[in-house]
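Here subunit A shows up in two complexes: once beside subunit B, once beside subunit C.
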Partner chain A sequence: MAFEPKEPQKEIKYSEMRIYTDEELNNYTEEELKNFKIKHDIPDLEELEKGPWPSFVSDAKQGALHRRKLADDRMLIDRDVIEDMLGQLQVSFNDGETHWKHGGIVGVFGYGGGVIGRYSDLPEKFPSIAHFHTIRVNQPASKFYNTDFLRTICDLWEYRGSGMMNLHGSTGDLVLLGTTTEQLEPIFFELTNELDQDLGGSGSNLRTPSCCIGKARCEFACYDTQDLSYELTTYYQDELHRPAFPYKFKFKFDGCPNGCVASIARADMSFIGTWRDEIRIDQDAVQGYIAGDFAPNGGAFAGRDWGKFDIQKEVIDLCPSKCMKYEDGVLTIDNSECVRCMHCINTMPRALKPGKDTGISILCGAKAPILEGAQMSTLIVPFMKLEPPYDNVKEFIEKVWEFWMEEGKNRERLGELIQRFGLPKFLEIMELPPAPQMVKMPRENPYIFWKEEDVPGGWDRDIKDYRARHKR
Partner chain B sequence: MAMEDIKKAIVEFAETNKKTKFYFKDIEKAVQKVIPDAKMREIKKACTELINDGTLIYFSTGSSTMYGLKGRGMTEDPE
Partner chain C sequence: MALSLERLGKYDPADPQKNRRTDLGPRHFWQYFPPVIQNNYGKWAYHEVLEPGILVHVSETGDKVYTVRCGAARFMTVQHVREICDIADKYCDGYVRFTTRNNIEFMVDSVEKLEALKKDLQSRKFAGGSYKFPIGGTGAGVTNIVHTQGYIHCHTPATDASSMVKAVADALFDEFQNMQLPAKVRVSMACCLNMCGAVHCSDIALLGYHRKPPIIDHDIIDKVCEIPLAIAACPVGAISPDKTPEGGRTVKIKKDRCMFCGNCYTMCQALPLSDKEGDGVTILAGGKISNRISPPKFSKVVVPWLPNNFPRFPEVVENVKKILNAYAQNANKYERLGDWAERIGWEKFFEKCGLEFTEHLIDDYRLAYDTWRTSTQFKFTDAAWNVSKAAGGID
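Right, the complex of A and B next:
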């Protein structure tokens, strides 16, 4: 199935948009790089260049040398920004504290997110980075780019910014590191008008939604993660760009429980593909694995002899709910006990596939440990069918937001609010019945309680009637 | 008309408060004190209009966002 864009796509041709010539882009030799010293002493940072792994210090030095050799009129912010950034970082290492001030009122017109003000508190020592703002650029679904786009954005950023980027931030986003206030509007104009490209989220708003590669390449995908991510990104533009939430809010979309974007650990609302019928079994392919015709795990365990594939040891015994059996040459699964861990499917992808009645589970409340420790998302909606334009999903999202915006304290994440209210109360507000799938261990998290109105006859009983049946 | 009243309440609150930066929630509470039936969405719309006409500006730390009156204690530089 060919890709069909939902809206007309602008074709971006680097040959027409480029700013630099090839000579300018490759303007130094290996020899020059080896002998290159930046203008500050950075002994601790240079420690980070040792060892076999890549180092941002080495990368930054390349950028610094590149800027040294560009002509004056070929960049619009100070030539020294990268050198000063490294110099200030060395001072931070010496002092054991940061020298970036926190926050500011920079932004682009009408947007409350996407630009993060950063200012040096040592502007006399490092004048070129007195203003050094970050810009977040909304990545496309599953981060599919073409090289024309990437080259164009690199040229634009070299010209109007520091040239340093981070692909990608943990929320997604191409992160452009460091430019002056004057360059913000021109960059925004070029991005939106020339590159057809929006900014991402920052601050107290919806952050750039991000999704796994989904149906574009992965046969495990139980729903079209790209489509849902794109739909919610465009539908919730106001929430993305005009912050009015108590704090940040993240959506992430995993096509199956393998969780390639780790939505369960990183999103206030995690959308995880699942199925409610049975795992599809191809018994011939099961025999193929046992006979050694197919490499288990798609051949991932190569490079060493792991011995003959043992279905009992490697699949059946590792099923967390012990719901699989291999007897008389036939593999069976008690699907009512399966917890959709994906282990068996990952091990034998030719033989096992997720069911056909697919949809999503929605979990809420993951967050990093600023308050109360890190937290994973908790299952709230065990199963929901999906169909564009996803009205049922939007209805749920808006109910959650309404509750959070009403009751959430300033800077309180959804997960913390749910903890403060308790899950039973949250379920009640969401008008969802408690379900066994929400409980991991009944004696460990017994948060499902009876209420008087749920019990026939309430809390009162006729003691005489009771005693007629139960002697003292 | 109601929108104008909400905007007025926002500006009054921002002008008279000791603080110069406000969370949306604080603005919401302040408006509802004056106009009890103002809805959260209307207040957000009013804030957006005040941002668009340049009366209010955003202050962002990168992780959370606040609103302030342009020119009142808020310079581009955070300190």
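Right, the complex of A and C next:
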């Protein structure tokens, strides 16, 4: 199946967009790079050029040399920006403290997010990074790119910014690191008008959603993670750009319970693919694993000799709900007892596949420690079928947001609000019946908050009636 | 259609609304899928790790896509991104992908292209000698370490990220390029408790941490902060209103109540925490995200504090190695680090890893009681004998 974008997508051709010539892009020799010293002393950083792992310092130095050799009119912010960033980093190592000032409110007109203001607290020493603002660019779902797009971003960012970036930031954005206040609007205009590309989220708004690779290249995906991510991102653009929430709010989309984008730990609302019918079994392929024709887990354990594959020990006995049997050469699964942990499917991917009646579980409330401690998402909706344009999902989201925006305190994440109100109250607001799937165990204390309407006769009683039966 | 060379580009400060386009969202994903991905979307039958870092996905249609996964620093210059594009143009019809954990994935549709691509990637090194595109990060090994900004771009860090990650990744390079561990090990790094890297469910988490209460900048606090917000920001109620000798509005802090979370500084720039001696690194272990076999779980603090020994953090590297080696030697196949620790018991975890158990590791925050042991089921290790001796129970 093919997906149609909501808006026709402008085709970007680097050959038409480019700023720099090939000569400019290859303006230094290997010899020059080897002998290149930046203007500041950076002994600790140079130490980090050693060792096998890709060195960000070596990369930064090639960027710095490249900038040095560009003509003056081929960049709109200081040529030394990378050198000054490295210089300040060395000073930070010396001092054991960061040298970036606290905050600074900058942005583009009409948006409350997408740009993070940043200023050096050593502007005299490192003038090129006196302003060093970040721009978050909303990445395409699953972070596939073509080179026309990436090269165009590179030219734009070299011309109007530092040429330093993150692929990618923690939440998923393509992050452009370091430009001046003056260039924020011009960059935004180039991104939107030429690249049809918008900013991501920051501050108390919907943060840039992100998803796993899904059906694009994974046999486990139980729904179209990219499509749901794209649909909700575009549908909730206002929430993404204009902060109206008590605090940040994150969506993440995992195609199966393996959780490759960590939604259960990182998203206020986690959408995790699952199924409600039976795991599909190919008995011939099961035999293939037992015979040793196929490596277990797609060969992921091949680096060590773990001995011959033992289906009993490696699959049946490790099943958390003990719902599998291998008898007389036949693998059977009691699907009603299965908790869909993925272990058997991960271990024998050619033999076992998730069921065909797929959908999502929705969990709510994950967050990092600030303020009230880290939380993982709690199961709220066990199963939801998905069908574009995902009205059932949107209805759920908006009901949650209504509650959170009404009741949430300043800087209170959804998970903290649910804790403060209690899960039963949250379910009542969401008009969902309680279910044992939502808890690890029933409560251990009997301090139940009975409501007056739960109790026959209500709470108003007359002490005289009581005293008629009981002497003081 | 072209990028502008004008200083302010297409932006007209006199009329900011002219040609302003907003609320476009991201580019649509479908156009960036290479043909083999478009043609086989939703049809993938199975995959195999052919060798560390090399995956093949096989479709029901019979098509195959070969993926080469390469480690990368998430910090990149345009020059490096252009080199990635050169490779993608040469071998991958101009397509490339990045993973959630900052790896680069090059995809090709035949073995011949795969071999040429591999050779090319392995040959590319930075001038300083490190690999530009090390292949690995699959299966039962260590993949790329996700991390935060640190001193490169952040105002609240208690340590630096890129340098620590480089040091640890160098030390774990074999584990990145091999698949010899009992299961995958996810190492993650965050510079402070804000955890924009959300490391709290990682097999091994490295976390920057302050240890000195904020300094109060009495001269400016009333001018640059909403004092009530700064007071409300403290989760332990350690901040209260105060007056300066001159009668100005400020705050006072009950220092022995502070847990160094830095939330007050996030709200108020007049309350900085960072300090060369105070700041350092905490190691947490045993968390996971996947629902495989056992449910997802939080990482636990196993090393309370190590110094910020820039640039290579030898103490951090040594402790990570200790944990990883003990795990590699003792865990069962498929057993994640946290599952192993729970099976043998945390007392054995500390013994096997050679880590000291200190009072800092016993929870005394809210809900702490959930982590206390209310059972006579435990194992004897030296730590147990030490207590017994201290209590006069044994000589």
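Keep in mind that, in the parts below, the second predicted complex is superposed on the first by the 430 of 472 C-alpha atoms of A that agree within 3 Å, B and C clash if a C-alpha of one lies under 4 Å from a C-alpha of the other, contacts with A are read in each partner's own complex, and residues count from 1 in each chain.
Criterion: a contact is a pair of C-beta atoms (placed from the backbone, for glycine too) under 8 Å apart; a residue touches a chain by one contact, two chains touch by 3 or more.
Since the model is a prediction, treat every value here as computed from it, not as a measurement.
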If you stack the two complexes on chain A, which partner ends up touching A:E372: first (subunit B), second (subunit C), both, or neither? second
Name the contact category of A:K248: first (subunit B only), second (subunit C only), both, or neither. first
Quick one: classify A:T134 as touching subunit B (first), subunit C (second), both or neither. both
With both complexes superposed on chain A, which partner does A:S321 reach: first (subunit B), second (subunit C), both or neither? neither
Contacts for A:P186 in the overlay, against subunit B (first) and subunit C (second): which applies, first, second, both or neither? second
Looking only at contacts as defined up top, I'd like to know whether subunit B or subunit C touches more of subunit A. C
Could you look at A:I105 and tell me whether it touches subunit B, subunit C, both or neither (first, second, both, neither)? first
Identify the partner contact of A:E30: answer first if only subunit B is touched, second if only subunit C is, both if each is, neither if none is. second
Given the touch rule stated above, what does A:I264 touch, subunit B (first), subunit C (second), both, or neither? second
So in the superposed three-chain picture, is A:G203 touching just subunit B, just subunit C, both, or none of them (first/second/both/neither)? first
Overlap of the subunit B and subunit C interfaces on subunit A comprises residues 101-103, 110, 134, 238, 410-411
In the complex, go through subunit B and note every residue touching subunit A. 23-26, 40, 44, 47-48, 51-52, 57-65, 68, 74-79
Contacting residues of subunit A [partner subunit B, same complex]: 101-107, 110, 112-113, 115-117, 119, 121, 134, 181, 202-205, 238, 242-248, 405-406, 408-411
